[in-house]
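There are structures below to look over.
Here come two complexes built around chain A, the first alongside chain B, the second alongside chain C.
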Partner chain A sequence: MEKTTIVETGFLGAAVLSASLAALILIFMLFLGFPLFRGGYFLTLLTTPWNPDKGFFGIYPMLAGTLSIVFLSLCWAFPLSLGASALISVIAPTGFAKFCKKTVQMLTGIPTVIYGFVGVFLLVPFIREMFASGSGMSILSASLMLSMVISPTMILIFTDTFESIPASYSAAADALGASPVQKLVHVILPYSRRGIFAGLILSVGRAMGDTLIALMLAGNAVAVPGSILDSARTLTAHIALVIAADFDSIEFKTIFAAGLVLYVFTASLILLVRIIGRTGMKNR
Partner chain B sequence: MKERFIEIFIKSFAWLSGLLLLSVTFVIIGFLLVKGVPTLSLSLIFGDTSPADALLLRRQVLEGILPAMAGTGLLVLLAVGMATPVGLAAGIYLAEYSRGNLKSFFSLFYDILAGVPSIVIGLFGFSLAISLHHYVKEIYPCLLISALALAFLVLPYLIRTTQFALESIPAEVRLTAPALGATKLQNIAYVLFPRSLPGIASGVILAIGRCAEDTAVIMLTGVVAAAGIPGSLLSAYEALPFYIYYISSQYRNSYELQTGFGAAVILLIICACLFLTAFYLKNQLMNRMLYRR
Partner chain C sequence: MKLGIIKRSFILTGIFISFYFIVSSIAPAGTIDLFTSEKGDIKISGGTAHIPVMKDAAKQIMEHNRDIRISIAGGGSGVGIKQVGEGLVDIGNSGRKPTDDEIQKYGLKLFQWAIDGVGVIVNPKNPVKALSMSQLSEIFAGKIFNWKALGGPDKPINVYTRDNSSGTREVFWEKALDKGEITDKANVVVSNGAMKTAVANDPYGIGYVSVGHMDNSTSPVILDGAEPTIENVKNGSYKIARGLFSNTKGEPKGLVKKFIDFLFSPEGQELVTKNGFISVK
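So, the complex of A and B:
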C-alpha cells in the first residue's frame, strides 16, 4: 500500500513539475527584465528604435521585423498549404495523394538549420541576382524559406481536418452527384473553417518562434524595414545576437523584454486555439 | 459556365501548390546531396587523426566533425535521459489519474510550454545558469545546462505522446485486469504501459530528433565552435547543428564550406533515420487502433 502511494505521488509530482515549468519561464523573464518595467519604461521600449550609442534600446525594429517576416511567410505558406491539402485529401488519385502525404510527413522531420543552410547558399544568391539589390539577405528570402518550414505542419493539420468530416456529409454530397471539387467547396471547406483557423494560428506561433531561418537569412539589420527586400532582425534573432553582450548592460536586459513579448504572444495564440476548440465542441 | 471555370481553377491551383511543394523539396534535398555527398569520407569526420586514435580519445580531432557529433550524441543522451522519466510519469498521471477541469488545466500548461519558442527556452536555461552561478561557482553555460534546457523543450511532446498512447487503449483491455482484482497501479504497470510502448517509443524517438536538430536552445546555453570532445558535464562542447550554422556564416575557405555541407548531410541522415523509426512505431500503434474498430 505504501509503495503504491509513493509511486502515485511521483506521477502527480512529475505532472506538477512539468506544468510549473511553463510558469517558471514567465517568472524568470519578468524577474530578470524587472529593471525595465519600473516607471512604465516597458511600453516605451516596445515603440522606440534601437541605437545603443545614443542611449536608445527600444525593440520596436525587431518587433516590426518579426511581424513582417511572419506575415509574409504566411502569405506564401497559407495558400500553398490549402492547395496542397486539397490535392492530398480530395483531388489527387489515391496513390499519388499517399505519396504526397508521406513526403510532407518526412518534411516535418528535416532540421531547421538545414533549411537555413540551403537558404544561405541557394536562395540568397538567387534573390541577390534576381533583384540586384544588396546582399540578398532580406525579409523576402527569410519569409520564403520560413514558409517551407511551416507548410508541412499546416498541411498535416488541414488534411486531418478535411478527413475528419462525418461520413454522412460526404456520402450526402456524393449522392447528390457533386464532383470532388464541388464537395470540397460546398461541404468540406465550410465544415473545416474552425480547423483551418486553428492550423493558421498554430503556424503563426511556429513562424514567430523560429530563430534560425531569420538569423541566417534576414541579415539582422537593426532598422525598421521599409520594403521586403530590406534586411531585418527578428525578436528571436535579437536574443541570439545580444546574448554575448555584458550581463549588466541595459542592452542585455532588453533580451528579456524580447523573450517576454515572444512568450506572451505564443501563449495567447495557444489560448485562442483552445477557445476556438471549445466553442467548436458546443456548436456541434 | 462559371461553375466549370471555378472547378478548373481550383483543380489547377491545388495541383500547382502540390507540385510546387514537391519540386522545392526536391531542389532543397537535391542541392544538399549533390554538394554534400561527395565530401563524405573518413577524413570529414576524423580529420588528420587516425580513426582508432580518435575513438579511443588518444588524440584530439582538430579538423574533423567528430567532436561535434560526440557533443550532439552526449547532449541527446543526457536531455532525453532526464526528460523521459518525468515525461512518462506526467503522461501517465494525465491519462489515468486526472479528470475534468484538473486535466484541462494541466494540459493548458503543457500546450503553453510546447508553444514557447525554443530560443526563449534557451534564454531560460541561460538565466538558470547565471542564477546558479551565484551559488556554485563552477556553473557556467555548459553541456549539463544545455541538456536541461533541451529536456524542458521536449517534455511536453513526451507527456502528450504518452497520454495519447495510453488513452488509445481499448476499453476491453483496460477493464480486464481490474475485473480480475488488479489495483489501478498494477493495471498500469502490467497491462496499460506495456500495451502503449510503441506509441511512447515513437514519442521518445521524436524527442531525440528534436534534441539532435535544435540549434536555438544550445546557442544560448554553452555550445561553442571549437571545444573538442567534452571532458565533463560542466564543460563547453560542440554540436552538429551549431557547427552547420557556424560554418554558414563564418567559413574561411572552401574546405571548411565543404565540411559544412558534409555535416548537413550527416545531420539529415541521422534525423531521417530517427524519423523513419518513429514513423514505423507510430504506424504499429495506428494499426492496433484500427483493429479495435
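So, the complex of A and C:
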C-alpha cells in the first residue's frame, strides 16, 4: 500500500509541476511585456506593420503569416491524415496496414530540420518554377512542408481512436452486412469525433509552435502577405530572428508581445475546440 | 558514430598540429609559446563572421597547452557587445565598431584584427554581373523589380536580406544603400551561409555576403566598376568593408591579453588570411 501512495504522490507532483510551469511561463511573459501594456501599446502592436528603421514595431504581418500558414497546412494535413488512418485501421489488409503504421511511426521521429532542408532544396525550387511568381519561399511551400510534419502525429492519434471502437459496435455493423467503408462512415467516424478533435488540437498547437519550417521556407518577409505565393513571417520565426538583437532595444521588448499572443492564441484555440468537442458529444 | 568522427578529427588535428610544430620549430619561437605556462579559461561570444578564425586560434592554443580552455559562442554583434559589457564573457566579438555609447557605458577596449568586405551576389545563371550603386539601391528598395530592366531575363527580382541583428546587414545598409530603404517584401535569411544557399538556389535572387564567404556557387556583382575581391578591398577601390572587432571590458589582462596578442601575431594573422579575411598587419 505504501508503494501506491508514493507513486500517487509522485504522479500528482509531476502533474502539478507541469501545470504550474505553464502558468509560470504566462506570468513571466506578462511581467516582461508589462511595459507594453502600461503604455497602451499592446493593441497598437497587433495592428501595425514592422519597420524598426521608421519606428514601427507592430506584429500584425506576423500574425497574418502565422494564421495563414497554420490554416493552410491543416487544410492539407487533415484530409490526408483522415484518409491515411482510415486506410490503416479499416480498409487495408492487415500486413499492409501494419507496414503503413510502422512507416508513419518512423516519420514522427524525423527532426523538423530535415524537412526544412528537403524543402529548401526540393520544394522551394519546384514551387518557384511551377508558379513563376516570387522566390518559391512562400506560405504555400511552408504550409506544404508543415503538413508533412504534423500529419504523422495526427494519423497515429486518428488510428488509435479508430481502433478503440468497442468490439460490439464493430461486430454489430459486420452482422448487419456493412462494407468496411460503410462501417467507417456510419460507425467509426461518428464514434471517433472526440479523438479526431484531440488530434486536430494537438496538430494546431504543433503547427503554430513550429519555428524551423517557417524560418527556412516561408521567406520571412515583413510585408503582409497578399497571396499564398508571397513570402511571409510567422510569430515564432519573428521571435527567433529578433531575439539576437540588443536586449535593451524596443525590438527585443516587442517579442514578448509576440510570445504572449502566441501563448494566448494557442491556449484559447485549444479551449475553443475543447468546448466545441464537448457540446458536439452531448448532442449525440 | 558522432563520437567517432569527433575523435578522428581530433587525431587529424593532432597530426596537423604536430607537423605544424615540426615546421615552425625551424622558424624562430612563435607567439604561441607565450601560452606555455598559462592556465585557465577564456569565454568568447558575439559576431558569427569571427567564428572560423576564433576556432582555429583556440584549437592551436588548446593543442599547445591543455590547461587552457577556450569556449566560443555566436549570438551576433549586439549580443557580443552586451555580454562582454555585463562581464558574462571575456571577449565580445562584433562585426561593426561598437557605438560611442556602448564604448562609454561599458568601458570597452576595441581590437580590430581583420578587415572583411561585404559583396553583392547573384545566381551564376544570371547574366547581370555589374550594377551601379543607384541601381542597387533601387533594387533593394523594391523600385526595380524585374531583371529585364537591367538587361536580364523577364523575371521578377527576389531580394534577400539579413535579420536586423546582423553586422553584415548593418554594414551593407550603411555603405552600399546609404541607409536607404530595404523593401518589406525581401526574404530574410539568418546567416551568411543561408544567404549563399538561398541565392545559389534561386536563379532570380540577389543578396549580400561577407567576401570571405564567397565561392563558385554564387557570382559576385561588380558595383560601380569595382569587383568585391580581397585585393580591391585592400587597395580601397571597393568601399563596402568593415573591421572585425574583438572587444574587452577595460584593458585585457593575463590570458585574455595573450589571446588578443596572438590574433595580431604572424600566426594569428595567417589564420585571418586563411579564412578569407584581410589581415591588418
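Simple rule for what comes next: the second predicted complex is superposed on the first by the 246 of 284 C-alpha atoms of A that agree within 3 Å, B and C clash if a C-alpha of one lies under 4 Å from a C-alpha of the other, contacts with A are read in each partner's own complex, and residues count from 1 in each chain.
Convention: a contact is a pair of C-beta atoms (placed from the backbone, for glycine too) under 8 Å apart; a residue touches a chain by one contact, two chains touch by 3 or more.
Bear in mind that the values here come from a model prediction, so they are computed numbers and not experimental data.
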- Task: For A:Arg233, select first, second, both or neither according to whether it touches chain B, chain C, the two together, or no partner.
- Result: second
- Item | Touched partner set for A:Cys75, first chain B, second chain C, both or neither | neither
- Once the shared chain is lined up, is A:Phe121 touching chain B (first), chain C (second), both, or neither of them? both
- Which partner, chain B or chain C, touches the larger number of chain A residues? B
- Query: Who does A:Ala84 touch here: chain B (first), chain C (second), both, or neither?
  - Reply: first
- Touch check for A:Ile275: first (chain B), second (chain C), both, or neither? neither
- Task: Would you mind listing the overlap between the chain B footprint and the chain C footprint on chain A?
- Result: 120-121, 215, 240, 247
- Message: Per the contact definition, I'd like the list of chain A residues that touch chain B in the complex.
- Response: 4, 7-8, 10-15, 17-25, 28-29, 32, 79-84, 86-88, 90-92, 100, 103-107, 109-118, 120-122, 148, 151, 155, 179, 181-182, 184-185, 205, 208-212, 215-216, 236, 239-240, 243, 247, 255-256, 259, 262-263, 266-267, 269-271, 274
- Message: Considering only the defined contacts, which chain B positions touch chain A in the complex?
- Response: 6-7, 10-11, 13-18, 20-22, 24-25, 27-28, 31-32, 35, 85-87, 89-90, 92-94, 96-98, 106, 108-113, 115-124, 126-128, 130, 152, 155-156, 159, 183, 185, 209, 212-213, 215-216, 219-220, 241, 244-245, 248-249, 260, 264, 267-268, 271-272, 274-275, 279
- Can you list the residues on chain A that touch chain C in the complex? 49-53, 61, 120-121, 124-125, 128, 132-137, 215, 219-223, 230-231, 233, 240-242, 244-248, 251
- Item | Residues on chain C engaged by chain A in the complex (per definition of touch) | 75-76, 78-79, 81-82, 155-156, 158, 160, 163-165, 181, 183-190, 197-198, 201-202, 204-205
